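The next part holds the structures, each set out as structure tokens.
In the two complexes that follow, subunit A is the common piece, with subunit B as its partner first and subunit C second.
And then the complex of A and B:
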């Protein structure tokens, strides 16, 4: 294991293992994470079921629920602790079964378990265990993150932060995203309220309800992912094959939001979102984004209304606090053409991180109380939703009637 | 020293060097030199040492004395005088400037020690040293020790000296501040009493004049009114006083905080040869440059190098599919993933890891049958 940077990746751990039973057993042996899905999975031979049930009970009895901290349509979140260590804190996310999916589990829960158990990194929320309760509700035992989320800090006008703090937060975000991509997982819902803060100030990527692994060639992925304000233009244009560049765009939007303290391009509908992106960054054309017109929902713009691609001085003017190098990094994250966008590794290799000011130490980062409640709210939300009242009932995706 | 007792003893006091008595020379003053503590009168000092250093005139004492180091005796008992000098030299004040380490300054502070015990040991050691010097046991050795300590710890000695001076001055400042505050409080109380008295007076006069001008029926009402006004005024005054008092308290606490901001010498270093049990002071390591990856190594491949193109009939059409490319799909990711999965698990030995894990778990409650079974089946995979 020491030789590989990819942690506990063994053949039996890969996502597309053909034999579920074997995978389950192997996973249980390695970090006793699974055991859970067994109860709701396909019927198995008798010996296996007994084993998995036994494991499940063992895992379940290891945790004690203390207090409910949040409830949504999709999940309930409790604060709990380990049976034999009352000082430990964990968050237990209990997925409501049959909330929408009449047969089986909600996709979000399956995705969350599937990808979180693969990812172990300081900037990704840790999934300690999974178990199912007697009524076959799935419970995820997650890391307890009492520091709230980045959105809370952005919105609180009493909190002042500087470029060194932004650099520290962005660094942690970029590392989390990079780790996902390094393990071929697309997060697909990066936004400030999915960036939870641990008690030591570390930012952790949470809510893997929309995550998926990189698609094999010619496989279609859905384009109806990522909360609208953070959705990249290729998804708005309906691309079905895309890459980690979608997460990098969201990262750029979070960066801009951290700098401005308001969402940078906040469209009220998907169409409006495209318009706002065009106004801000320039209109996508065949010149600056070869092949864009082939995308399903691409709308050609009149020659007269084409906004030229924004150059470096636009970013310098719009985001003076970032400084020239920071603006440069932001610009590379917000390239319209996903192929020209930096990848997460390229972002981390940018020289902005190493130049002055140095990123703030975790313990000195601004923080705010009341994070437990916020964590509860964040963990109960469905992926891709905006919780702003104004757009609460807006359709998630409009059919432009082009195709 | 009571004045009459002193004068009585003074009568027959004789200078041991020139034998002149106080009877003949009423203004006679005795001086001593901390080299040998032999007492002699002022005129003897002038006579013998004015032309430069000379030997002590007392028979058998060969110490070379200098005139500028003669001083008045503080304590009557010359033994006490000497001990105080030694203590002073070892711990506190310095008194000589010429060609010797003037004071050793064994002035470690309690904060500098690991434990109370270590500090007590230090105090005891210091007393031992002083005792040795006073009763002339191993003087040469002790002096050498102290000398060495002084040269080695010049810096922390200085720092502690500065702290002592600051403490003294801040104590002075606090005392004067408190005095000033007390004076202000007294003044305020006096003024308050005056105003209250005046107001009561004025209220009474007002009340009387109202009674004089008004009709007899509302006398009671007027009386009640007057009383109420008085009460209101005094409560307003009380809240004002409270405010002032709070302000003063806040001022005082901030003052105190400033005063307690002292810290000990940070560069004391490890145990010096002489003093044991000093707290280790770590100099903070220079901050490492920020690593955006925090120790993880990107693109680390143990068994293969990733190429930019692998010929394949199935994948080649994608390279020209404008729509897929426009969406940002990256074949490189697919290559990378496929190769990683092909090589994943090489040099990972689950059996070993499981036995390691189980070894680590020995202290914890033993793994149940179920996990053991699962572990075995895991090995088989």
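And then the complex of A and C:
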């Protein structure tokens, strides 16, 4: 069955996070001995450091930075290795302290650390460790992903790939998203350049700077998330309560883009985005989406302008390479009404995965060099940004659903 | 893959779950290490004072606590139990602090902050870092991690008393380090909401049978619910009864579950089910019956044995669950708020007074320590260059601390527990 979230562990995971819980206890026990003798023998040794400070230093000294591979306004990314294993590779993302932001650790970093600590899965970037440096900068030790990202492969016309490759990539994406949702985490920024590729070809969901937990009834959330081209209609209409369906829409957009090799619905403004969605998939109305007209930014469409909801034949015509079953899966991800859209687990249960052609094996997937640099760029970017820079920061004006 | 596996992948399970004995030994270790440090620090402080006094040739003021101490080894440090009482008190204060904001902070944010405090004090001692200086930071960090965004300035303004934004944010890194950079807290609230929704659906005749009990219909479930034993407090309807049980359980989860070791010892679902049992036992038992079948009581001992002579696994699960839930219920029931109990309050005041004499003088000013730390050379190249705290700084800190204590004493209605200090100065 396609639903196997724990496929084989990726061999690219060269670094094993130690069992920190056990370590904490063990170090605590050692320390009681060392601490007491040190305090008697030396009046002011390094034993002055608290237990957790010592642990932090231990973690920090476990890694060596080798080379800077990316720098943005938010973070610097280095390639590094384990002190005691020069052949290992890790990415170290050092969060910059923003001089203008006086409120302590920035929200992007808080979210990224919070959720990556919880999400261990072959299709989610692994957070090996977190440590702080002397100047109180936070460093995230992440899985080294030298294969670049899906955007790079989509855009490179020298790279040829087929539906079996798309099936493999989409399967890995769907499993990663499923795992997030199973843990009550919304990613809220799924797009090709957040889908990084490991040395063995495994696709990894990265950049959790806009993620949040969900499924707490009645809690409002911000609708200003997800990079525009991948943002679902309910968020464009200003919905404050939503579900994993938002990520599924983004997955659908990635699927379409993999098939077409260009973004399927590329609006230049939020309004343009909703217009283009209506043109492509049909106009949301109370008939096809009960309750839609009550959403804050819903714009009623003139009766004459209403585009009827697109059916299966539309998807088959637009995406012939997907085949009828693939088109059916894509259609289920692109339902306008989020309640009618497939959930991540429903996507995984679709029979497209098990029919021919079978997904390409990881080692046979198309790949491209220069991925380390791309990883550096991807990991320094803040969530919600389009690389084009045209609409920069549009999604950054978070209001966090306070009202 | 079942929910238990997912929970076991969480940092709450990996790093913050203990047995009673491992929890106890970790606290004992933390206490022992901190006590040694306090004694060493006070000894240094005393030596500094003496050398200052002899070089200046004038007698020192006898008001400073350190000066009265003849031998640092005589200093009575807090016991792990006393530390725990103190931390619990500041957890109660955190709940109150969240209440003072307009609108009050969501329960979830406050509960997260409380668990941060409890986690932090597993490896840190109140003798090193006074909970008073950590609690506001814990609440602020919780607003960030639980998506209840407010600016630091706005947050600091909401705190009664003289707390500045810098006071709030100064221990942030210290706190995050103590939390081992894990910010996710799995609360029992979401599970409770789910359970209540399920009971409501059953009451309305829309219940779904458990997957392994497919023979049950929505009507069976509804009839079953209507025929359970009466509630502890009479209610007008089943909907009313469920609502009451819901409210009472929430109260327990907001108080007893936060202030005891429940989160360290039990899973979120065990906690809410235990609280639900305390709120309305027949209703909670019914829900368990629906999920797992067959009640477990002392009067019905024979487990179902199938044709192969195997015990029904559900029966085993139910028995095990029954035992765990009883233990957890007992823990929750053991809780009484400190502030409502004169005996406990008296004990708390004694502890606060004791802490005044065994507070690590070098860690009092977190903000200054933070600046010192960033200016400090890396451990690799650090030599034995002697005490980090200079004589004058040690003096300054002692004075500053005294002023702070006096200031706190003046604010006796302060949520930070000013009254404790007032009591102390009377002695």
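Basically, the second predicted complex is superposed on the first by the 336 of 403 C-alpha atoms of A that agree within 3 Å, B and C clash if a C-alpha of one lies under 4 Å from a C-alpha of the other, contacts with A are read in each partner's own complex, and residues count from 1 in each chain.
To be clear about the criterion, a contact is a pair of C-beta atoms (placed from the backbone, for glycine too) under 8 Å apart; a residue touches a chain by one contact, two chains touch by 3 or more.
It should be emphasised that the depicted structure is a prediction, and the values quoted were computed from it without experimental measurement.
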| item | value |
| --- | --- |
| Which superposed partner A:182 touches (first subunit B, second subunit C, both, neither) | both |
| First, second, both or neither for A:51, with subunit B first and subunit C second | both |
| Partner chain in contact with A:354 - subunit B first, subunit C second, else both or neither | first |
| Which superposed partner A:135 touches (first subunit B, second subunit C, both, neither) | second |
| Partner chain in contact with A:159 - subunit B first, subunit C second, else both or neither | neither |
| Subunit B versus subunit C as contact partner of A:212, first or second or both or neither | second |
| Contacts of A:174 with subunit B and subunit C, given as first, second, both or neither | first |
| First, second, both or neither for A:115, with subunit B first and subunit C second | second |
| Partner chain(s) touched by A:291 [first = subunit B, second = subunit C, both, neither] | first |
| Shared subunit A contacts, counted only where both subunit B and subunit C touch the same residue | 5-6, 25, 28-29, 32, 51, 55, 182, 184, 215-217 |
| List of subunit A residues in touch with subunit C within their complex | 5-6, 19-21, 24-25, 28-29, 31-32, 35-36, 39-40, 42-48, 50-53, 55-57, 102-105, 107, 110, 113-115, 117-118, 120, 130, 132, 134-136, 138, 182-184, 212-213, 215-217, 219, 221, 398-402 |
| For the subunit A and subunit B complex, residues of the former touching the latter | 1, 3-6, 9-12, 14, 22, 25-26, 28-30, 32, 51, 54-55, 58, 121-122, 171, 174-175, 178-179, 182, 184, 214-218, 234, 239-246, 289-292, 294-295, 337-339, 341, 345, 348-350, 353-354, 358-359 |
| For the subunit C and subunit A complex, residues of the former touching the latter | 1, 6, 9-11, 14-17, 22, 25-26, 29-30, 32-33, 36-37, 39-40, 43-44, 106, 108, 123-124, 128, 140-141, 144-145, 147-152, 165, 169, 172-174, 176-178, 180-184, 189-190, 193, 362, 370, 373-374, 376, 378-379, 382, 384, 386-388 |
| Complex contact set, residues of subunit B against subunit A | 287, 289-290, 292-294, 296-300, 302, 314-315, 318, 322-331, 333-334, 336-337, 340-341, 344-345, 347-348, 350, 353-354, 368, 370-371, 373-375, 377-379, 381 |
